[in-house]
Amino acid sequence: MDDRGLRELACGANRELARLGLATLAFGNVSVVDRAAGVVAIKASGVACGDLEPDDVALVSLADGTAADPGRRASSDTPTHLELYRAFAGTGAVIHIHSPYATSWAQAARPIPPLGTTHADHFRGPVPVTRELDRDEIAGDYEAATGRVIVERFADGPDPLDVPAVLVASHGAFIWGTDATSALDNAVALEHVAAIACHQAALGPLEPIPAELRDRHFDRKHGPTAYYGQPARVRTP
Amino acid sequence: MDDRGLRELACGANRELARLGLATLAFGNVSVVDRAAGVVAIKASGVACGDLEPDDVALVSLADGTAADPGRRASSDTPTHLELYRAFAGTGAVIHIHSPYATSWAQAARPIPPLGTTHADHFRGPVPVTRELDRDEIAGDYEAATGRVIVERFADGPDPLDVPAVLVASHGAFIWGTDATSALDNAVALEHVAAIACHQAALGPLEPIPAELRDRHFDRKHGPTAYYGQPARVRTP
Amino acid sequence: MDDRGLRELACGANRELARLGLATLAFGNVSVVDRAAGVVAIKASGVACGDLEPDDVALVSLADGTAADPGRRASSDTPTHLELYRAFAGTGAVIHIHSPYATSWAQAARPIPPLGTTHADHFRGPVPVTRELDRDEIAGDYEAATGRVIVERFADGPDPLDVPAVLVASHGAFIWGTDATSALDNAVALEHVAAIACHQAALGPLEPIPAELRDRHFDRKHGPTAYYGQPARVRTP
Amino acid sequence: MDDRGLRELACGANRELARLGLATLAFGNVSVVDRAAGVVAIKASGVACGDLEPDDVALVSLADGTAADPGRRASSDTPTHLELYRAFAGTGAVIHIHSPYATSWAQAARPIPPLGTTHADHFRGPVPVTRELDRDEIAGDYEAATGRVIVERFADGPDPLDVPAVLVASHGAFIWGTDATSALDNAVALEHVAAIACHQAALGPLEPIPAELRDRHFDRKHGPTAYYGQPARVRTP
């Protein structure tokens, strides 16, 4: 894909994030990667998602984060996105949001348990929460350190394509997918299950569903024997 | 009704479900039945309700679930819908949703008590919750088993046309009606009463209303002496 | 005002109620009265507020509730509206809603305390809750009895124009005003303060504001020395 | 800026407040100041923000609050706005809202702790709450007294441009900024963090984030070494 196409793809995904109600003010951004070209396209810093034009998309090097063209300054969260692309093979798009319900779980530093099949349709197991950054990480290259604590959280599992979202403690959520469409779907699903779980907290204790139900739902959509969706719609792992 | 008419009816009902805000992503589907022809029309699997076109509606046999034409693959929830049509005479449409408030009650595995007349206007008594599926049911023909635990729940009452909704534990809600319009009304009513009940939970214990008030409200809309609505609008039981 | 004008006024007010998000399904109705003519115009039974046309407005006699013309059947809640017009002088419009937050307070049978100046700007003191109807009242002329328990609740105060709303236990809210515009404003205010109070319940105990602050806010909008609004906008008590 | 320009600026900001869903009924107003001319432009009293026309903007003297032209009567909250402009140098716009979540904190008389980076991006530390007004303040020049308890609250810090919002106990929120755009952004941010914090309250105790994380986020947007946004976008303190 040429630079223009990559900009338009990233622009459309950021505007869709705003349209979905997931990006208030300039909180929230979407990036997409062209792994063959080694380029990441991401929202420019300080621009509201809903107002984005293709020229408000910054292109940076996947390898070292340097600007790939003399355009707008990239989102300050870019180093976090880059850490995720480098560590999570198969990821084609990354999203960052401060949506009301997912962020309430992130601020509470609580993983979201798999409380129902809505969750299991998208995430095989809890949506995990990172540890808090330490004082040196906050004072240093803070945004890259944010990416590193996410990667660290997945080091011993789960597979990031089985649980394509994470809560950063005290902060918000990062979500990813094989492409922009699946990442946006996962972001909608995350906020939806975070909201259901918040409402449920008013009704009693939060008990995870059995592992076999969790796996049945995840596998009917994503496993090798998936039977959800139309035959042509095959997941590219 | 010919196949085209049935497709258009099902398509319109699925689009209305999305417009009502009850179907996020591809969570949610509506089916309608033509009992004379023995055909059920249901949303194709993996297609968002709001984007549905008549060609995205699958037709299947009410008797055995086989495809009634070589169209799109039917929703993976189709076997659940079929179980309900076979067991619940008089049902003309079935809806499945993962809406935020009804699903919080389903995940909590709590029936929604009749806490007010809004509830009683649509449901004569609590909206029940199914038992959890066992390991074999989850591993086997899971979606048909989901339908069977719903039917099991109504075996000793209530009459499914008096309580046209159920919560499937750990999952979401199924709703039905004599036709697509009444099923959609019941789905809106279910999410509305689930939300009121959730808000009420913050204010104190949840006490059901007296049976005589519950029956008065249900009967003024649905009983043999109903006096709600216009004279021409008679409920077809 | 002639019949056509009264129908159009009632129709517009019912449509506005739907546009404001306060009338889900056919839950909710607005009536207006022409006291000189002794006629009340109200939504026809079973018609959704948002779809109302002037011909869907029923005209009934204020004195005895009989149909004032051979039009549509009036809302089943009409006898409640009539009781309020007869008892509360100066009331020009009455609204009934089952909105999510106000109804959660009604179902909990808790009056909404004056917790802030938003409340005090519209209601001088708590929004009261009626007693539950007894078995005979439910079995008899239920809707008129609903009106009578509301009137009973105001018999020893407050002045219904100082507190133009009530919660009917286990049911929903009735709201009124000197005209349709003020009644609609009061309905919006009621749902707004009910929502704030529900959110506040998560943060600690609910303490009413001091009486002098409550009165200062009410009087700056509604009292004889009101200084809120433009000079031409005088309240007609 | 001439009077017409000032009216149009204030009008647009009030309409934007309504469009953002932050001003229900006539609750809420925005003012802007022209410090060189000594004039404040504010919404006329009793007019809904969303319907405002430039002629519905009142111009008053910053020095003494007298009408600067024979137009509409200014919002009854004008004396509060004036107190803030006089005490908080660098403030170019002031907003007052009764939004559902921020007001629930104000009514609970609880400051909003910095629970996450969404908060820290806009407010360096808790959003404070004023003391309650005493009986004499309520009986006297109430609106000016409201401004004075806000100013009193900031007398020993924080810097009002570092924490550009306050909760008035039992009342609602006031928000400000260097210009109308930044004040509107701060108002959106306040309601957003108030909502997240309310949801979080259902999940466990509310623990503030570490001071170093709070400062890192505030400084990357607002400090002398800010690296958020585009180079041309410099904050005018």
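By written order: A, B, C and D. Residues from 1 in each chain.
We adopt the following convention: a contact is a pair of C-beta atoms (placed from the backbone, for glycine too) under 8 Å apart; a residue touches a chain by one contact, two chains touch by 3 or more.
Please read all numbers here as calculations on a predicted model, not as lab measurements.
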Fill in the blank from the handout: Residue numbers at the chain A-chain D contact, same meaning over half shared and different meaning under half, come out as different
Exercise for the section: Report the chain whose mean Cα position is at the greatest distance from that of chain B. Expected result: D
Completion exercise
In whole angstrom, the CA-centroid distance of chain A from chain B equals 33
Practice task
Please work out the Cα centroid separation of chain B and chain D, and write it as a whole number of Å.
Solution key: 46
Handout entry: Numbers and ranges of chain A residues touching at least 2 other chains
Key = 202
Exercise for the section: Between the chains shown, work out who touches whom and classify the graph as line, ring, star, complete or other. Expected result: ring
Fill in the blank from the handout: Contacts from chain D onto chain C in the complex sit at residues 24-25, 27, 44-47, 72-73, 76, 98, 100-101, 103-108, 110, 132-133, 135, 138-139, 142, 170-172, 198, 201-202
Practice task
Mind listing the chain C positions that touch chain D in their complex?
Solution key: 115-118, 121, 185, 188-189, 192, 195-197, 199-200, 202-204, 209-210, 212-213, 216, 220, 227-231, 233
